[in-house]
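Next come two complexes, and both contain subunit A; in the first it sits with subunit B, in the second with subunit C.
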Partner chain A sequence: MSSSPSGFHPTIAVFKFASCDGCQLSLLDCEDELLALAGAVRIANFQEMSRATIEGPYDIAFVEGSITTSHDLERLQRIRATSTTLITIGACATAGGIQALRNFADVQEYTAVVYPRPEFIRTLATSTPIAEHVRVDFELRGCPINRHQLLEVITAALAGRRPAVPRHSVCAECKQRGTTCLLVAGATPCLGPVTQAGCGAICPAVGRGCYGCYGPAEAANPSALGDRLLAGGMAPADVTRWFRTFNSAAPVFTKESLRHDPQRQR
Partner chain B sequence: MTHSASDSERLLEVHDLARVEGEGALRVVVREGQVAEVALNIFEPPRFFEALLRGRRHDEAPDITARVCGICPVAYQTSACAAMEQACGVRVEGQIAALRRLLYCGEWIQSHALHIHLLHAPDFLGCQDAVGLAQIDRAAVERGLRLKRTGNLLMETVGGRAIHPVNVRLGGFHRAPTRSELAALRPHLEQAVEDAAATISWVAKFDFPNLEQDYLFVSLLGDGLYPIEGGRVGTSHGWDLSVEEFEPLLVEDHVERSTALHARLEGRDPYLTGPLARYALNSQRLPDEVRRAASAAGLGAVCRNPFQSIVVRAVELLYACQEALRLIEAYQPPEPPAVEVPPRAGAGTGGSEAPRGLLLHRYEIDAEGIIRAARLVPPTSQNQLSIEADLRRVVEDSLQLPDPELTWRCEQTVRNYDPCISCAAHFLEVSVEREA
Partner chain C sequence: MPDLFPQPGGDGGAGSKPARVVDRAGLDAVIRSLQSRGYRTVGPTVRDRAISLAEISGVADLPQGWHDSQSPGSYRLTPGADLEIFGWAVGADSVKRQLLPPREVVWRAGAQDLVPHEEPAAGLAPLALVGVRPCEVAALGILDRVLGGGRVTDPRYASRREGLFICTVECGSPASTCFCTSMGTGPGAESGFDLAMTEIVEEDDPRYLVRVGSDRGAAVLDEVESQPATLRDEAARQEVLARARTRMGHGVVTEGLPELLERNLENPRWDQVASRCLSCGNCTQVCPTCFCVSVEDITDLAGTVERRRRWASCFEVGHSYIHGGAVRPTTRSRYRQWATHKLGTWHAQFGTSGCVGCGRCIAWCPVGIDLREEVSAIRASDGMRALAPRPGGG
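For the complex of A and B:
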């Protein structure tokens, strides 16, 4: 983005595609910083917050949601063309979201199940991450994103530097919290070893295995974990389900889910 | 965005409705001084939850359906748990049920505080958004943000996370918070009670357009308490049914302009769910102190003016803060924190009061707990016909307004409902067209 001499108020826009709104809500959840932030930037387009909109170009565009319609694909391309920096927020935008389960099924059949008049519905056969279609400058993970990480990303973007967002696994956060390893000590299935940190290891902290909502960690080895889950007595179909939730379109999760999929679709 | 299509026609269009959750648009056509067309278009892309749930395990439904909506995930988790527990013949009672209600109070507090201060109040005060509102009344916005933060803090303490809580499971919770963890919330909630009372006085002074609608109200009925996490279904025409008796009577149809379905009772009668309905059918269940605050704000036992929903929401906000304090006072950590919910073949229905209205789930599962069929009926699709009926009246009553003001009034009318479009799409677009 452009440099920020004092007095310069970069324009920020927030756009939504197929999603639950939870990640952009995280911006409104920055209760202590929201008014200060609104003073430091020009909020040019943030539909969930304001009816006032300013036409692009935008210095920073935050994009929530996945691409599931051809209309949305065109809209995304216009947003990319008019934004200096494009940052995706959340699992839908970075890995397809829960709606990417259609990628393993027949969307025509899905439409017929949900809608009495399927002919009214226009949708793509797949739910795909933003980076499959346009250049993305930074991907912030999570279902939902963590608002402290979001503030770091905004601060970094305003300063023109790379955000300090760790790529290591949830395991490191369990160690930091002093949470006893569920997988080792309790034989509780846990995706922590292959899942990117950022949530604060909140699931193991309540005695529950990580369910992978931040997507794959850097250099994750899902097949080693998949084998371990099988050895612990989990059925292959359940291993598939575990790798196929909110980040099922992340390639290494897709691959591991297919390795155990009894139906071997796609 | 508004334009006049010709001298004889007024077309008011809002392509991207703001300050609502999700993607919708509004279109109103006025021809020769008569409202010819009112359409709320929902172009939120469909995500096919009812389809993708099939083949998943019963214990995954709370986390998967939470992702329908980032603003009311606890509503989805609670209705899903209730439905699955019923399917499996399990009842959840005592402190586990109380803890669910406490978590849900957190969601009501954050959602109502958000909608009142950041999304709805700016309309009444002529502001584009909360940032503009802060320029004329910073203390009010700060109060709203403080309330919202308390709601989130409560959700984080009980649920492990404010958006898509991780501590909820079938049968209860993964871990029960300690008494001292909850006690730490007390000062925040005591401040919130004060803030909510101030919010009621603040919104009560707003200028409300004159509109009384003859709604058919539908809401859960609280068992001695104001309804939040469950109960029987009541209507203003006298029904008193269990959720499983009620669910089949709710018939949805599909129109071309919307990825949300339109719900009617017995396929015939439009109805209203949400704060006005809850209040109309349950105001006698509010504690005296909250009822006095409602009365001081000018509310009777029933409120039929949709613009005053902001006052009812503020009353419910006060209630949720007080109720959270009461639940924390009485709390004893349940041991174990969850009852087991082993699968069995069957069907179950669950309902709870999301901040914006009744949310029903129904599932059929097999003996292994695999979901075979799912139905989710969110509040906004139930309210879609009422929203359009309100819009028609508002336009008829306000034709003297110039297009920009009339369009804004229409947007405000939609925002009266705190609509959640991500939920309903399986839902919202505003345009007004005038032909003189």
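For the complex of A and C:
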């Protein structure tokens, strides 16, 4: 297979900001499809795979990670300017990631505790999603992203169609696979009703409540779920913690976490 | 409306055959007899802390001794030492999964050969459902009208439905979420079955009064050791059904319901429920008659095209997407769509209610929204209008 079905042979680049690399590694995780993929696209920049880089412009830029320094911001703007399509991948890029917990705290306090010479650390007070700074053409959610969804986004781009990446709740996938609802059966708290699908509802299937890795579902109603968790006996501070994991900077999750936050009722 | 998949059930023909009584071994023999006729036998089992339908090889696979308790937003299943097999009300799973699977491929086409080719329809042995409740049978009747050959026939549904054998069990243990008496679908079975059982639990082992609804049913029952039903058996059956009626939760007043809903589209109650509703879609997923699917075309790197469909829900924003945006952009408008479709507009569309009163949407709603309560709140405030006019009707 030397080119994509449509004959479109795009140049793809992968860029990283504040992140763990897990999402871009999902690309290498596409083991069965990797050869076909390498034949269908030109990989111009992908440090996890090869040090060889090709200068832009790029047809598709995949951007992982959040913006935590002013240098990040300049680099991001250059990437946007040289890329036709910019797709953010993962919770860091789409919602600030776990490092967005700094948004609720004093980042200087953190650096003082973590680094022996905190004066060398130059960082922004917040961790913010890519879409807060540049135009984003598509957001692929998850912590980490799901490789099937990544392939779907790439094959959709090659075919010039819309990716089938639904924005409904995890509950739909949970019911489709026939898992008994953890909330209703009284087993354990679950964020599935407010979280976007994409993972295949894997956690509820093994008896763990959804952690919210894919961020808010379309039309999510976090305060209704927050009330339900409280009624189920969860302490308000724990409701705050539940909404403050990988997607804490997603506005509706931020809002619900603050509603129960004993420290800062903004 | 013609009978799409005729199954007489109780009203003349094979149905006039006198009822018989079998014991636990006889019930096992019914299952084995179905298997020897080439059926896959599917019935209630305990899986993942709930009653759900799965393939069964005999009576030992059925949920003997298990009992449930259900209320809005809550379901608990507990084991017991008793011999009752059907001592529970429906779980989240329904016959819908068997006939309209959550995900399936509709067709595939290769890179060169762009002529879509039909998937071989299921390719599986015909299905026999054993131990499903009358509300499930009623739900099948509704799905038949939607997918089985009213205005449109879904070939996948129809091929699974054709030859389906139904051995229903009348309901002796409804949950507080059940309201089949309001919807006229239970607790007794009137039609639509090949065999209908009633579990009678007295001092000794349970026995099963079996009524015949079709020639196929009669042939199966003839193979099994049974006794003629006595007057005492018949009276015991009536007692089971009478007790079930009293154990049911509160119901829904169905009189004039479609009209009531139609003139209350601006009732402020919709705002109230929308503030509690998660828009998660669990209610539509568990509803045995919600038939909405989303069709997606998928391409792969080799150039194969696949058309897939999956269960969808009117709680998805994209469900009402037409060019330019979604017609139902708010939870208020989506909850209203769900409730008014099930209980109101379904009548005009398909000639019946879209609800059989199984209570699944009530028990399995994570925040316990109760369709019955929403309807009675609307009835109580009939004619009230939302305070402010809403641009776009959202």
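Operating definition for what follows: the second predicted complex is superposed on the first by the 255 of 266 C-alpha atoms of A that agree within 3 Å, B and C clash if a C-alpha of one lies under 4 Å from a C-alpha of the other, contacts with A are read in each partner's own complex, and residues count from 1 in each chain.
We take it that a contact is a pair of C-beta atoms (placed from the backbone, for glycine too) under 8 Å apart; a residue touches a chain by one contact, two chains touch by 3 or more.
Note that the structure is a prediction, hence the values are computed from the model and not measured.
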{"item": "Subunit A as common anchor, with subunit B and subunit C clashing or fitting", "value": "fit"}
{"item": "First (subunit B), second (subunit C), both or neither touched by A:82", "value": "neither"}
{"item": "First, second, both or neither for A:178, with subunit B first and subunit C second", "value": "second"}
{"item": "Partner with the higher number of touched subunit A residues, subunit C or subunit B", "value": "B"}
{"item": "Subunit B versus subunit C as contact partner of A:144, first or second or both or neither", "value": "first"}
{"item": "Touching partner for A:219 - first (subunit B), second (subunit C), both, neither", "value": "second"}
{"item": "Touching partner for A:241 - first (subunit B), second (subunit C), both, neither", "value": "first"}
{"item": "Which superposed partner A:28 touches (first subunit B, second subunit C, both, neither)", "value": "first"}
{"item": "Touched partner set for A:50, first subunit B, second subunit C, both or neither", "value": "first"}
{"item": "First, second, both or neither for A:188, with subunit B first and subunit C second", "value": "neither"}
{"item": "Minimum C-alpha spacing, chains overlaid - subunit B and subunit C, in Å", "value": "12"}
{"item": "Doubly contacted residues of subunit A, that is, touched by subunit B and again by subunit C", "value": "none"}
{"item": "List of subunit C residues in touch with subunit A within their complex", "value": "47-50, 52, 73-77, 91-93, 97, 102-103, 111, 275-282, 285-286, 294, 296-303, 310-311, 313, 315-318, 331, 334, 363-367"}
{"item": "Residue ranges of subunit A touching subunit C (in the complex, touch as defined)", "value": "1, 4-5, 33, 36-37, 39-40, 151-152, 155-156, 158-159, 161, 164, 166-169, 171-172, 175-181, 183-187, 190, 192-194, 217-221, 224-225, 227-228"}
{"item": "In the complex, subunit A residues that touch subunit B", "value": "16-23, 25-26, 28-29, 31-32, 34-35, 38, 43, 47-53, 68-69, 72, 97-99, 101-102, 105, 107, 109-111, 113-117, 120-121, 123, 127, 143-144, 199, 202-203, 205-208, 211, 213, 238, 241, 245-246"}
{"item": "Touching residues on subunit B, where the partner in the complex is subunit A", "value": "16-23, 44-52, 54, 56-57, 60, 63-64, 67-71, 73, 114, 118, 128-132, 134, 138, 141-142, 145-146, 148-149, 152, 160-164, 166-167, 169, 173-175, 252-256, 259, 261, 408, 411, 422, 426"}
